[in-house]
Amino acid sequence: MPFSSGEKWRPRAGFFKFSCCTGCGFELAYFQRSLEDTLKSFDFAFFRLASSSGDFDSLLDLALVEGTVTEPFQAVELKKIRKNSAVLYAVGSCAIAGGIPAIKAGGLELEIEKRAYQKKLYRLTSIRPSVLGDYVKVDGCVRGCPPGRHDLEEALVSVLLDRKPEFIEYSVCVECKMKGNICLLVDEGLPCMGPVTNAGCGALCPSCHRACYSCFGLMGQANIPALKDKFRQLGLSGEEIERRFTLFDGLKLKK
Amino acid sequence: MKIKIDYLGRVEGEAGVEFEIRGGKLRRLRINIWEPPRFFEGMLVGRSFDEVPDIVARICGICPVSHMVTSIRAIEKAIGFEPDENVLLARKIMSYSQIASSHLVHLVMLALPDYYGRSSFMELLPGEEALLKKFIRLKDVFNGITAAFGGGRALHPVSMVVGGFTALPDEGRIRGLRSGLPAAGEDMMDVFKTVSALELPDLKTDSELVALSEEGGYAVNKGRISSDMGLDGEEEDYERLFHEKEVPYSNAKKTAVRGRGALMVGALSRVSLHPDRLSESARKLALESGLAGKNKNPFYNIRAQAVEIVHFTEECRALLDKVQSGTALPKLRPKEGEGAALTEAPRGLLYHRYAVDRRGVVRKADIVTPTAHNYLGIEENLRRLIENNIDKPAERIRLLAEALIRAYDPCFSCSVH
Amino acid sequence: MRKNPYVPFKAAIRGIRRETGDVSTFLLEPESGLPPGAPGQFNMVGYPGVGEAPISLSRVPMEGSDLLEHTIRAVGRVTYFLSAFRQGDEIFLRGPFGRGWPVNEAGGKHLVLISGGLGLAPIRPVIQMSDKLQARRITLLHGARDPGSVIFKTEFRHWRKKGIDVRLTVDEPGGGWRHHAGMVTEIVRELQIRPAETVAFICGPEIMMRFAADELFLKDVPGSSVYVSPERRMRCGMGLCGHCQHGVWFVCKDGPVFSYPELKGYPDALF
Amino acid sequence: MNGENTSQKNYEILISRQQLASWVEGLRENFQLIGPVGVKDEAEFREVFSFDEINPGYRSTMLPPGKTFLLKPEEEILSFDITPEGPVAKEPPLPHQKRVLFGVHACDTHAILYLDKVFLGAFPDPLYRARRENTLIISLNCRAVTEFCFCHLVGAGPFLKAQSGYDVLLTDMDGEFLVELKSERARKLFRIEGRPPEEKDWKRKEEMELELLKSFSKDFRADGLREVFLSRPDHPALRETAEGRCLSCANCVMVCPTCFCHDIYDETRVSRTGIKRMRRWDACQDYSFARVHGGNFRQERQARLRQFVFHKLDYEGQFGVKGTVGCGRCIRWCPTGIDLTEIAKEMMK
């Protein structure tokens, strides 16, 4: 049992990165409050950012995977990781919803690629961005860009205690209200995405007088048409509205 | 003998190195940056000018502030907006604290294990527990500053937007941040000692040292292009002075000084080009560490980073005394235009240029990152290093090669964006 | 000072009986003596760092027994976690909570117990105290998905010996199944009863409770003689957290056992 | 009973604003003073240090005073130390801060009485009880209503009629304040000489209320809802509002002064040195609120919106009073302006 005996089990963990900014990996290193404990509690068998000697094929108790799948080799790797891991959590908006790398999926992809490369274009192997869940079963989502403290800690703790995780599943508005912020959407007519965005950040943006831009991605059962209607009433153009919903959730909305 | 490193650990992003030594000669050397492209320059087109900083922040998880500040400045130029002095101060605080955090991560977690012959910082524990504690404390201080000004988080901050800040920390908070710095200064001196005690390999290179230069200060958020070989120009001259080329075997592009060749950007270039602009104690440390006077040994970059942390700790203290809390964010009117901006990211020169239409929608975007600036030089100097050590055992050569690349603190995620 | 109702007490696991693949019965000895408890009541069962879940008493403390029992199916955070526990481990309990079965009403009547799946767990204490009920007759109708998921298998013989008419059915019979095959509702339909002298306790999936009750109503059993025990999410067990609200009721403190008319008509349920 | 009569007189006193101010400020010696402070065009209950900060003419606040200060948005209800013998439960220290909640409107006072029914019932919540006992409630009759208010339709305002469960009732009589002392402790604390109210003062108070009643704009019939509600739980008014407008953001529930639902969860850090059992305001609008193994009792958005509307306007059987006090906050702070009174009206048509 996790608490009663003195001996501590050190689960073997791996941190894997696909197409993204590596921010989730850094968030783990930014995890000052718990960094030392994390390093002591887990045996990181693979964490490219932190170690030059990892074993990609190691069997794992926990795989944390960040990034969007944008290359065929990543899909192959992902399946291997899944096979090797008892628990696999998708970490960050890229891995869960597509995030920023999936903005591309909303346009003419070749056009977009051409703007970045001319000569090399034919050598690129990029595929349409997709999320981890498209390829493998994901045991949980540590949402955010970057992930919030609570869920990140919950992901680690759930493995340490060998129990299911309980990730945050309500809107940013809930956190915003609990902080006592005067609502920007209602009071000032700012196009805040808080009502449809999954909480976990602690309502950062509204707390500093900024409309939420949905970096934690849409929450389950988000009522997208209703908020779009509201934004229309605020005077936003169709294009402006579309942009707000496709910044981090382009994939979900295309489907 | 063929040496192939499929992926380099302890760097940001993904790259491999490959070279072959035959008959005592080095053949074929490539750094293949296989970090998958995300096509930022492509997908920014069609997005609104005020979304750009949030999007480009996601180029890199360790220097989001640099991408944000650079894009914000470029866009403000494009739409003809000039922020007030206090906003500039706050942006400096963001950049300085971020550089300090980024350097810390590089020094302690990424670079240090090379000099202990280990593959990760975790392996240095428990022996270096004290260092880990200091590292965590220091990072807490600098991240705390970035987060306080960035609206609650240091990674992908939220309050810094085109035009200024949606809110700035109140006075009490600023005082609190300020009061954490003296202790940080002491912790930092210990880290500095650890770093400067490391024995650095010798390597003479002829890369052109390039950094921004600003009268009366240590240039970070803006400045003129300057180099040890007399390069000089405005931000607008960037494309005239530099040249970017696609690389068939790599997803990153290589940048060179037009008509000359490889350049080196980053802490070493900044410190050794402008030691006189450092704070007094940092300057002294720089001189003692053999950094002034056009030091072109890339291994010294880690010492330069340590010096810079000392410098930025002091600068932050001074700025926190000056900056005002509270803001009134102006309502911005988009307008057709183009703007370019150069800043010093933790890893060196960062270039953003945008064209927006009259509704503020991005029509063209161009981004050149520090690692793209260094790419050519890393390859050239790696060749040099291996040639100098060609008679050493393969494992030794491999380790030296990795250490050199890491010394640059490359960010492959940034370089392929 | 009053006791803080959030503070759990510890109970040592004295034995574990594996009922089916994912259901186990835990024999528990509370640290500080046995709390009272009535059939149909539940405890908040859990472990610090994991959480709590409402679990019915599947045996209530009685004379001659110093253990209480919980029969738990591993489905989620708490229940999975507990499924790894072994004899000698300790778990944390709060309770008992709620209004149990109105066992007094069975006196002189035909007590019809109807259960589906794990719904037998809260019914079991009623059977265990059957001698005291002074019921005229007791019938247990129990349905499960397949023979492998029948819980308390070893006890049916004993219950029959006590004079209880035990009738079993499974939806998907396998080789060797000698009892009825089909839904519980079918064996309810076959039951001979005198409606005015019948009282029924039903526990199982909501849809099963609904149809079983309907069968009884077709036989003219008055609604007020039919009791059901619905499941709801619960966090506190004491009518504070609000999760279990159903219409005007807090299932945790006003129930979990309700007479059918009490629940009838409220939305979000099948009653 | 002669004695009672005379003292009763003293329980109602007219004093000047100045006198009130100095009494309230004097309370700060032993109490933390919480009052409505103007923030832009909204007010907010927060700690104040002088009476001047208080805006006695405030109309409403986003967060209700009772719920916010008595049932904090998030707090630790228990913790567990990890010992060699396993986890050991530890009760948090009971809050001992003495507080004055000044300027609580009629609706919010009723809301506190409602919360009492939940948290001081069969299983009194220790933290709530401690705070409640340490909090002096000074209620204040409204002088202005908002366009969202409907307390007059549900018997919770605009003037407070409840006779107990709080400490002081104030009425702003244009410069003078009518002070009605409603609890023993208030009587002990209030030692100001003032003028006893006369017949004309009571009349004036009545007139003020009648005048105020004219300024309400909401109007629906609260009785008779039960039948409609239970017979048409899937009424188009509910369905269309839920699907077309409700964002499931739960703002309505968060700002509701009587919404008491909360989640309980264990917070464990990677260090595993201690565990905190936390409670946090929760909302029936969250899609996971009623989820159990094998299903979700309110899977549909419509079911969740209905739970809110019915719980507020009906389900009186639960505590003997309506779940709403008519403060209008859920309407005011709903991003799409969903109005439970409009839904009720639609359904009654």
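By letter and in written order, the chains are A, B, C and D; residue numbering begins at 1 in each of them.
One rule holds in what follows: a contact is a pair of C-beta atoms (placed from the backbone, for glycine too) under 8 Å apart; a residue touches a chain by one contact, two chains touch by 3 or more.
Just so you know, these numbers come straight off a predicted model, no measurement behind them.
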*Measuring centre to centre, with centres taken as mean CA positions, what chain is farthest from chain A?*
C
_Which of A-D and A-C has more C-beta pairs touching across its chains_ = A-D
_CA centroid of chain A to CA centroid of chain D, Å_ = 37
*Which whole number of Å gives the spacing of the CA centres of chain A and chain C?*
41
*Taking each chain's centre as the mean of its CA atoms, how far is chain A from chain B in angstrom?*
25
_For chain B paired with chain D, centre-to-centre distance based on mean C-alpha positions, whole Å_ = 53
*Of all the residues in chain A, which ones touch at least 2 other chains?*
1-4, 157, 161, 166
*Would you give the residues of chain B that are in contact with at least 2 other chains, written as numbers and ranges?*
none
*Going by the touch rule set out above, which residues of chain D reach two or more other chains?*
86-87, 265, 268, 272, 282
*Take each protein chain as a node, join two nodes whenever their chains touch, and name the resulting shape: line, ring, star, complete or other.*
other
*Would you mind writing out the residues of chain D in touch with chain A in their complex?*
39-40, 42, 44, 62-63, 68, 73-74, 82, 84-87, 243-251, 254-255, 265, 268-272, 280-283, 286-288, 301, 332-336
*Where on chain A is chain C touching in the complex?*
1-4, 157, 161-166
*Using the touch definition up top, name the residues of chain C that touch chain A in the complex.*
48-51, 76-78, 80-81, 84-85, 89-90
*Using the touch rule from the top, collect the residues of chain C that touch chain D in their complex.*
2, 4-8, 10, 47-52, 73, 75-76, 90, 92, 205, 231-233, 235-236, 238-243, 245-250, 253, 265-269
*Flag every residue of chain B that touches chain A in the complex, lowest number first.*
7-14, 36-43, 45-48, 51, 54-55, 57-62, 64, 105, 109, 113, 119-123, 125, 132-133, 136, 139-140, 143, 151-156, 158-159, 161, 165-167, 246-248, 251, 329, 365, 402, 413
